[in-house]
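Two complexes come next, and they have one chain in common, subunit A, joined by subunit B in the first and subunit C in the second.
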Partner chain A sequence: MNIMNFIYAFLLLVFVFLFQTSITGINRKVMARLQRRRGPKWYQQFIDIFKAMSKSSTTHGWIFDFGVIMALGGIMATTILIPIGPFKAFADVDNIFIVSYLLAVGMLGMAMSASGSGNPWASIGVSRALTNMLAYDVPFMVLIVSFIYAFKTSSLSGFAALQQGAGILGWNFFRFPLGGIVALICLQGMLGKKPFDSFIAPAEIASGPMVEYGGRHLGMLFLLHEFSTFIEVSIIVHIFFGGGATPLEFMVKYALLYTFMNIISGVFPRFKIDQAVKFYYKVPLALAFIQGLIIIFTGLGVS
Partner chain B sequence: MDFNALILFMVFSAVLSYLVSKSNIKLGAYSTILFSLISLIILFLGRNNIGNEFSLLYMNFRVTAIGWYFSLIMILIYSMTAFFNPYWMEKILYPSSYNFLYLFSLAATVGLFFAADLITLFIFWEVVVWSSTFIVPLGKSRKAAVVYFTISSIGSMATLFAIMFVYSKSGTFDINEAFKFLASEPLTATFVFFTFITAGLTKIGIFPFHIWLPLAHGNAPHTFSPVLSGGLVKMGAFIAYLSVGILPAYKAFSTSMTIMGIPFQIYLLMVLGAISIVVGTLMAIKQDDVKKLIAYSSVANGGYILIGILMMDQVTFAGSLMHIFNHAIASAAAFLTIAAIAHRTKTTKISELGGMIHKMPVSYVVYLISIISLAGIPPMGGFVSKWLIVQGLASKGLIFIAFAAFFGSIGSFLYVFRPLAGLFLGQLAPKYENIKPSTLVMKIPMVILASMSVFFGIFPKYLLETIGEIQTSIGIDPIMINGDTITTINGVLNTNKVAAIFGFGFVISLMIFLVLPKSRKVGLMDTYTSAEFIYTPELYHYANSFYAPFERLYKNHPSVEKFLGKFAVKTEELGILVNSLFFSHKPSVTVLWVMAIATLIFLGGVDI
Partner chain C sequence: MKIISNNSKTDKEDMRKIWEKIGDYFRANSIWMKWYCTGCGAIELPPTMTSRFDMERLGMGPMATPRQADVLLITGYLSSKTLRRIIYSYEQMQDPKYVVGFGSCTINGGIYYDSYATMKQLDNYLPVDLYIAGCMPRPEAVMNGFDTLISMIKKGEANGWKHYKENYDWYSRNQLHSLGEVYVKDEFHE
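Entry: the complex of A and B
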């Protein structure tokens, strides 16, 4: 760990911001075409972020500010842990548990800031967000435990390296199809896309956690959203789609997977929060257990 | 200093504190701080005593590494909580007895951890149970003490039975010697294992014995709840350790059926631990009283500790021992912040509070750090221990236990956030507009405990090296730690690096925040209200049934309390029936019996 690591980390953050924001912009276009609209320009997302950041805003006390700083800080720290193809800013920190728990710092910071605004709608939104988290994370983690047992590694790059060299059929998504389905369903929940988007409720922003934000707070939360999207999709690309032997390969896989999730989101209605919990604890959890037992007791697909 | 002198000093200081309290209550309360701090220093400096044996009045002691570690945690929690004692002296019915029992139970726990024979162990166990039983009703409820004592008695009696049984077979009470013969007798070992560990299970609050925790923790005096949750619960973990570590459980059960390499007897208890995690989490999510909420979270964390201890391996056991420490300091600190708030507001109900952050910022920060540690989020200590436990479970492929571990881990975000949002954040009720922040003396222990959570999260080696020595001393591989890098079969964790990265991210985020245009400060009521005019802050605060949609999913859950309640009603009904049949003065009953006997005589054809 020396100064170069931190410079790489900074460059990685800048790169992820440019890359993910462009992809989001393109996806807004894709979504528009799906709904037979013209759609905004591909760089509209940049305009939105910088515009929000340049506007004046109001604050509801120190915790309202501190929460936003802690949230963005936590999420950016988590982004630094993610390898892009073979490139890593720091060695030996891409452990899946470190990533998923450090991600929680960001979530907690945002929740704190939202509740700190004093607006009950924000608190209600946070309660939905945390409930949603309890739904999607547990099946995914059960799956990950069986993977760790089988592959004797828990680092993202370790998972990716084990899948490379055997072509597309070497990807865990095809070797463990049940697990792959679970992972994609859970990814949809992590991203907060339909049918699991009731916690942020983008269409009814006034009754979600974001109700009180404007100006620089909102701009920073836009940034946070881009980074957390990157983390969540990257985890799945590394564990189920073989990561990338080169950064470019990783970026292509990433862009395709994200667009695919977005298109799915485009055609779904929304679950209520308790329906989402029930769904996750019925279908994906059962599939995750079946896949886990197959891996642990038969070793099917492992070697 | 020798530890026989330490134990004598602690017993003596309890008596002294009682006498001082009789003349001056405040001074007596301060003496509990002084005496417990002195004991802490003596114990900490007396680490070279490990391995010594000594006797006091027919009681035999042996200073072991693990006993020293447990005693250190216990005295630390007691001495930190003692700082709150002076503020509760007027509210407690018998203050001098409280001070006496406080220090006396502390002395007994240290005696328990250093016990060399089973009788000494049992005597000190009972002393702790009795003295804490008398402290609990000094708070709000007498029923809580009854439940606490009943459940504790179930455990104590089972353990006493196991002790006597082992003595009748082996002829010795010495802990190390008595259990040795069990290695070759699986059936007897199973029997002794389950009876001996029962005391531990009741104390940790493992399902179905968890019902005493919310009652006792919730109703004990605010100054004693941190000790109950942070300290006394950990005695159960020590008994659990004796049951698998000293009692050669893995050796004795080597011929029995195994599940994923774990003997089924041990796996059964791990399942109970997993159930405790799930039950504790679900119940904590729906509590409105913060003290009960943290009590249920202790149930859940007790599950983690039990699972880790039962594994008796390199990684999970180390994680569990570290979690004992982390949970002790974090849950004690959380209880202390609640006590500090209750000291000013006279309530611990989330729905009656709100916006406390604007009045008690230090309590808020301490609470935040503690719950981050409890939930296992980096860079706090709780993260390292949960990481170790989860890594250990994953390496063995125990997915059902791991499911509970993850459910408890993510569920803890839900329940720790509830007081955060409802009690500290949100609207400040006008009636609390003029309350003062907590006093300086109260802030000392809170800040110390919170900084320890952070310190051992970034530099866990100071803790894990001690734990490694414990592991070596009981004959298992020590946890691999090199500098601040922890290595397991499946992965590495460098806490320094993670903390540095987190700090880096935070600094960049702070810089972005600072360069952007300044924002204007507005009040808490100056928010979006859907065009309603609202002038009552209390009504504009979301704290009641925080997770309503989720709570609705399991509102009709079965519960041990309901089952026991029904059982009690049925027993009472049976009693009433028996009473009315045999002990009634009513003529109709007499006639009934005369008829019945007459019928019997006629049917049997007895000659009169």
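Entry: the complex of A and C
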């Protein structure tokens, strides 16, 4: 680990910001076309973020400020561990456990900051967000642990390398269809898209954790959202869709997967939080267990 | 009662710094609104927002709370109770902020001109940057009004929030005269 790693990490952060924000903007356009609208400009998301940054902001105590910075810092620290195709800023730290633990720093910083604002809507939103996290993490971790057992690796690029060279049918999504479906359902929950967006719910709890944020704080939360979206989608692309032999291949897969999730989100209504938890503990958890048992006892799909 | 004009174009003809111009470009192209739907005007906003007129193509959209919003859109008449909440909401908004009065009721009371319980003129209490006249204004008029607001922000003419700060005494006196007291109770941080 030398100075070049840190320069790469910085470049990676800049790239992720530009890439993911463009994809989000394009997806707003896709969503608009889905609803037969013209939709905003593709760079609207950049304008929104910079505008939020250009406004003044208020504080609700130091926990409120510190939590935002802790969340953004935690998420950015996680982002630099994610490989983009074969490109990695730091070698050998793209482990799924490191990623999920560092991701939790960001989530908890966000929860701390939102609770520090003292607004009851924020508390309700945070409690729903954490409940949602508990719901999707259990089936997802069951799945990931059985994959780690099968492939004897826990690094993202290791999973990706094992799937490359056999074409599309070599992807884990096709070798383990049950697991693939569970992963996509869990990804929908991770991204907070419909039907699992009850913790944002603008018309019901006034955008939940974000209720007291304005100006620069809100701009930082938008940045945080872009980075965390990148992390979550990248995990699935690496583990289930073969990562990428080149960075371009990874980016194309990433964009297609994210757009697909967004289109699903565009046609669904919203689950209540108890319905979401019940759903996750019924269908995806059962499927994940079945997939795990298949992997452990028959080895079907593990070449 | 002395009325101060909001858009008094003094001799500061584009005295903005370069970063203020850039900021104004961003603020003009991304207008997030808090709809204060007091009256019947709210019914014109769903068609403005959805597929037919699609306000999102200009970067506009509804926001859930005053903290996140740039524009306070007051749709319809104001009673003395709603005026109090509007003042609270306005003071919670972050700084380059704009007020749009929507419909005749915010201009001169509209059909409630002789009611004892409505506020007749919104700009005695808050600095209104733009009025959209009509009873009710159709979505075409709303889009046209926001087009004007966008070009005002781009040119740096929508300075109601600065005006409010400079003439706070005058606004505060009017608010107190109509409401008795304006007191923001912050029960979480006492």
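FYI, the second predicted complex is superposed on the first by the 298 of 303 C-alpha atoms of A that agree within 3 Å, B and C clash if a C-alpha of one lies under 4 Å from a C-alpha of the other, contacts with A are read in each partner's own complex, and residues count from 1 in each chain.
One rule holds in what follows: contacts are C-beta pairs under 8 Å (C-beta built on N, C-alpha and C of every residue); 3 or more make two chains touch, one makes a residue touch a chain.
Predicted model, so just to flag it, every value in this text is computed and none were measured.
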| item | value |
| --- | --- |
| Touching partner for A:60 - first (subunit B), second (subunit C), both, neither | both |
| First, second, both or neither for A:32, with subunit B first and subunit C second | second |
| Contacts of A:104 with subunit B and subunit C, given as first, second, both or neither | first |
| Which superposed partner A:274 touches (first subunit B, second subunit C, both, neither) | first |
| Which of subunit B and subunit C A:289 touches, first, second, both or neither | first |
| Which of subunit B and subunit C A:68 touches, first, second, both or neither | first |
| Which of subunit B and subunit C A:218 touches, first, second, both or neither | second |
| First (subunit B), second (subunit C), both or neither touched by A:127 | first |
| Of subunit B and subunit C, the chain that contacts the larger number of subunit A residues | B |
| Contacts of A:116 with subunit B and subunit C, given as first, second, both or neither | first |
| Where subunit A meets both subunit C and subunit B, residue numbers | 54-58, 60-61, 118-119, 206, 211-212, 215 |
| Complex contacts: residues of subunit A adjacent to subunit C | 28, 32, 35-41, 44, 47-48, 50-51, 54-58, 60-61, 118-119, 202-203, 206-207, 210-215, 218 |
| Residues of subunit C touching subunit A in the complex | 22-23, 26-27, 29-30, 50-51, 54, 56-59, 62-70, 93-96, 188-189 |
| In the complex with subunit A, residue positions of subunit B that touch it | 260, 355, 357-358, 364, 368, 372, 375-378, 383, 386-387, 390-391, 393-397, 399-400, 402-403, 406-407, 410-411, 413-414, 417, 420-422, 425-427, 485, 489-494, 496-498, 500-502, 504-510, 512-513, 516-528, 530, 540-542, 546-550, 552-553 |
| Subunit A to subunit B touching residues, read off their complex | 1, 6, 9-10, 13, 53-61, 63, 65, 68-70, 72-81, 90, 92-93, 95, 97-98, 101-102, 104-105, 107-108, 111-112, 115-121, 123-124, 126-128, 130-131, 133-134, 137-138, 141-142, 144-146, 148-149, 152-155, 206, 211-212, 215-217, 219-220, 223, 272-274, 277-278, 289, 292-293, 296 |
